[in-house]
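Below, chain A partners chain B and then partners chain C, in two separate complexes.
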Partner chain A sequence: MRFAFTEDQLGFRDAVRSMLDKECPAEVVRAAWPDDGTGAGARAEPAAVAAVWARLADIGVLGVAVPEAAGGLGLAELDWVLLAEEAGYAAVPHPFVETVAVAAPLLASAGAPTGGGRSLAGIVGGTVRIAAALTPGHDGRAVPYAARADGVLVHARSTGAVHLLGPDEAGVHSVRTVDGAIDAADLTDRRCHDGNVVTAAPALVDQAFDRGALGAAAQLLGLARHMLDLTVGYVVERRQFGVPVGSFQAVKHHLADALVHLELARPAVHRAAYSAAVGSPNRARDVSMAKAMASDAARLVGAKALQCHGAIGYTVEYDLHLYLKRAWALAATWGTAAWHRDRVGRAMGI
Partner chain B sequence: MTNLTWSAGEERFRAEARGWLEEHLATWRRRHGLGTGADAQVPSGDTREGFALHLEWERMLFEARWAALSWPEAYGGRAGSLWEWLIFEEEYYRAGAPPRVTQNGIFLLAPSVFEFGTPEQQQRILPRMAAAEDLWCQGWSEPNAGSDLAALTSRATKVDGGWLLNGQKTWTTRGAFCTHLFGLFRSDPGSERHKGLTYLLVPLDGDGVTVRGFGRLDGDEGFAEVFFTDAFVPDDAVLGKVDQGWSVAMATTGSERGLTLRSPGRFLATADRLVDLYRRCAHDGPASAAMRDRVIEGWMRAEAYQLFTLGTVTALTEGGAVGAESSINKIWWSELDVALHEAAVDLLGSAAVVDAAWTKAQQFALAGPIYAGTNEIQRNIAAERVLGLPRR
Partner chain C sequence: MNVVVCVKQIPDPADPGALEEDHTLKRDGKLILDESDSYGVEMALQLADAAGGGDVTLVSMAPNNETSGLRTALAMGAAKAVLVSDDALSGAGALDTAKVLAAAIKRVEGADLILAATESSDGYTGTVPEQIAAVLDLPSVTFAKHVEVADGTVKVQRQTESGFDECEAPLPALVSVTAGVVEPRYPSFKGIMAAKSKPVDQVTVADLGLDPSAVGWAGAGQEIVDVSPAPERQAGEVIEDEGDAHQKIVEFLDGLKVL
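Right, the complex of A and B next:
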């Protein structure tokens, strides 16, 4: 029994953390937002935003879950879960989970459909970004990153097989979102055919979804930590009644609650990564527990962060909203907390 | 590497514990006509009749060296690892074995005796504690010193060869049935707050000590107030250094909140029983869907506490320490316990008016956010010492 990461895993995490700290500060997340509020898809991607993805490719992160023979690092969920957490912390405005955790290992094991230039090599190299609508029963609406992605993973309605569609085959139609950095689109079409099928094997289909939910859960942990850090920093500086507001017990108790829920969601996410990495029969249950707890924790931390900031947090000029809205988006996608609790219950036999 | 499986040796240990518990619980219950399995009717250990029964059970645990399994063999343990302790606790509560009436000695006092006691004190105190011959209660709270423990006024006055104790302790768990008390007394009359306190080990049968038991919320005589009137204790009753009792006491609270007071096994067992209760209850309509969600949530929170603890034990095993993070732990398990029992009470519906196992346990769960440092104090500690918010 040992429930801790290795030095190598922590070292890789630290490298990604310091890179994102430099390359993806709040200004870059903000730059990914449309400035006219009409939807992001119509506008060229700012260079600083594109550079974040390129840097992730440079240090191997985009191919972390791809076998070495295919140009990746050949690592498993336990190795990338901490990287997803860092991507969440920085609110990386790209389809990190969809591309790195879902599409890349899926295409590596199932084989990528040819055509459209949506190759595994392109993913690993950072030139191809993939969105995904793989939550069971997904209706194709408001798929994060689909407006700008080079391809979208969907289920064929009739067979349940996973297909990789080009933007034209998916009929992407940009939508305005609460988190302006996620470039979401409705899929008004889903032209699934033999030429774009990735896999019909239920084991691979289920695994791809679980990886997405796990990656989202890890990002939610990172976002929660970022919101807590921002808030601690603020309440220590902000003075009212002649003292820092962080010295008031009411504020302390809000933030202690936030801390408790974050710290107890964390091992659930890490255990899910373990279950996925070792192919545990409990993988689906453990991933669902992780996503449910991380979603609820991030929303609670976000609510506490907003309250403890007071009015400044309730503005778009201050940075908190960038992370708060991303947390909302991730809590709502890859299965809500209630959906995942239901899945845990079914695994428990109730 | 992360490895969430038990070794072959640990699995053997689990099998041994499970086999022993099954056999001896059955023996103990049969001997006293307590019924079997889920139908067992075991009187509370916090009543006079129940306490004697539980002492017999504690001595059975001791004979088989389960009572304090992590202790060295010389003191009655089996030098078990923290992992083995966790496994034993899981098996203990899964088997439906009774709450430990020796809890406060073995899990709260003993860690301080190991850390601060002289070899003579360790030899004198620990084997009798493990054997449930001496039964220890905690003497910290006073009528005017609860959360503000440093406001305590019970005093120890130096006399030839020892100390004279005067004052009052209260809300002393199982004080009416225990033989000894460990507590804090103000030994420097000019001192204030955390300074000038001494940690003393006091027999309750001595002259000048009066114990009055009274009913807790559930009606059991689980509380006592303890009055000291020129009660004499010798110099070797001091644990640690004179006037340094606060740091000794804080070491105990660290172990209490950090790990040993409430193992995950207890809550995993409660969560499993809650799931069973849900299965046995009628399920129809929207109320059932809401209850199902709460049951699943409760099960997940118990599971999360187990995982959190596995991380803590990994860190301890690799040379780390439990610090202020233990406040996070205490907030979680105490609020988890309340949530699990409230869900059970809601599943029971009108049957929840009956004074029975679940309702008894629910009332006990409500004490969790209060004892061992209220959750308000824990939140202050978490905010100040983990997050670094300013003290006032």
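Right, the complex of A and C next:
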């Protein structure tokens, strides 16, 4: 049995990587921040932020998990996990995982509701973006992208069913969080009713959450890799005492530790994607292992990156904070590392 | 209208490889489509589309039957490819390359227009397109920043230092295009999947009717005797302002022809 990614999966990854490399550099991520100095530095035109989503639609990424009959590619977790990693690497300032990996396949399998301008065709075509607050017990606060999404997936507190709310039904109230590019919002209302229910089937609800946690874990891998790349680039270039600071053993040790954590988390994320794609009974356990390890790895890589950069890493003009803050935000959503470790423990009966 | 595009598959510039003992670039790993060729591919797709149909065919020369870069261009929408791969081509210079590509182009039936980039991103000789035109005895226009085809004629805006020239040539013709002639599309997922089943005609030097002993090192009229790294960038010039600094800055910029 071959456990490597297929040529198609790697081809899709390369296509998304080279597209985002050109269309979503740091200036574009920064342009998604409010123009109040908190994300200071070179900013692209605001239109460049929307263009990233449009290009993703052009090349067919947004329909990757939508059935072929609905205009998508009908692919599964193993096909999009590498794409989520690339979206993380570029810190794409859009609800990529929420829309592509969670909402699209959930709406497709639940079959409703597709009206109200929030249809599958809209997702595939790039006109619809969906935010999500599906972590069990989510209080509806600081939901990433909810301030500018076309809809928000939420749990009904009483029934546990998933509903797709329009911004007015959710009572969206914009809030600032550590990552200014994700336009988070508190959901002050949440009017869940029969007209906006997506599914009450526990299997679909659980699957949707696991896909979100898996997508977040993959994005965290990408973010960690980006922070490590930035740091390696910096310590090779920055000279002190006549030599690059990266030649000092203490700096090398930090970076080696960072790489080890990143490389340990990666197979856990790929394993979780496999378990999800084949419908393994261990899916929840494997996804939790992936999210816990990826969250911890990204936090550790971020801390090492910040330390190895020295003072410049703390400035908002330098790019590191764009990726560091996204990693912090993602580590705290779709279940924290502690929450997921607890779920692994329960799955193991301890 | 049928368009042939000459494309080069090169080592990834983000991960430049080492040199072989004979001072040529190592090309034994995965090769990618030279970004400068993606403009020609896009131009060809747009011209074929504007003409209401026709095929875009790629022509390439690469070691080890490498097709990774060709697949990228096929994923963009090209219909098929001719790939010349032969150990005899190791050490080939610009003229060898032009002769081989010209022979490969002859295998493509009914080519109305041949496009190439102005130069490759790994070799930079910038001479191959004109040499191909000479070998095929076709008119050629270089440095195209805009290309149109109408009534059996190709009309080109040819980039110059001070602006552009309006040129025309009867078809068939060869045109080399600059980066920026059009914005290349990104390969779509459906294009990537379709590219796998598009035909790639893999041929050797002998298949093209050429003499293997007349190309590559065997037939080379040149030899690489030494390679040295590019000089490190020198520190800039410091101008002390004694009231005339602005003039010196203007002179400097004028020398760069940016004013």
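Heads up, the rule we're going with is that the second predicted complex is superposed on the first by the 338 of 350 C-alpha atoms of A that agree within 3 Å, B and C clash if a C-alpha of one lies under 4 Å from a C-alpha of the other, contacts with A are read in each partner's own complex, and residues count from 1 in each chain.
The working rule: a residue touches a chain if its C-beta (ideal position, glycine included) is under 8 Å from a C-beta of that chain, and two chains touch if they have at least 3 such contacts.
Just so we're clear, the structure is a prediction, and the values are computed from it rather than from any experiment.
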*When the two structures are laid over each other on chain A, which of chain B and chain C touches more residues of chain A?*
B
*Touching A:235, do we find chain B (first), chain C (second), both, or neither?*
first
*Pick one for A:341: touches chain B only (first), chain C only (second), both, or neither.*
first
*Tell me which partner A:69 touches in the superposition: chain B (first), chain C (second), both or neither.*
neither
*Pick one for A:274: touches chain B only (first), chain C only (second), both, or neither.*
first
*Pick one for A:44: touches chain B only (first), chain C only (second), both, or neither.*
neither
*asked:* Output check: A:15 vs chain B and chain C. Expected answer is one of first, second, both, neither. What do you get?
replied: second
*Partner chain in contact with A:2 - chain B first, chain C second, else both or neither*: first
*After lining up the shared chain so the two structures overlap, which partner does A:59 touch, if you call chain B first and chain C second: first, second, both or neither?*
second
*With the two complexes superposed on chain A, say which partner A:244 touches: chain B (first), chain C (second), both, or neither.*
first
*State the interface residues of chain A toward chain C in the complex, per the touch definition above.*
7-8, 11-12, 15, 18-19, 55, 58-61, 64, 73
*chain B contact footprint on chain A (complex, rising order)*: 1-6, 78, 228, 232, 235-236, 243-244, 246-247, 249, 251-253, 255-257, 259-260, 263-265, 267-268, 270-271, 274, 289, 292-293, 338, 341-342, 344-345, 348, 350
_Looking at the complex, which residues from chain B come into contact with chain A?_
1-7, 10, 83, 275, 278-279, 292-293, 295-297, 299-301, 303-305, 307-308, 310-311, 313-315, 318, 325, 327-328, 331-332, 376, 378-380, 382-384, 386-392
*Which part of chain C faces chain A closely enough to touch in the complex?*
71, 75, 185-190, 192-193, 196
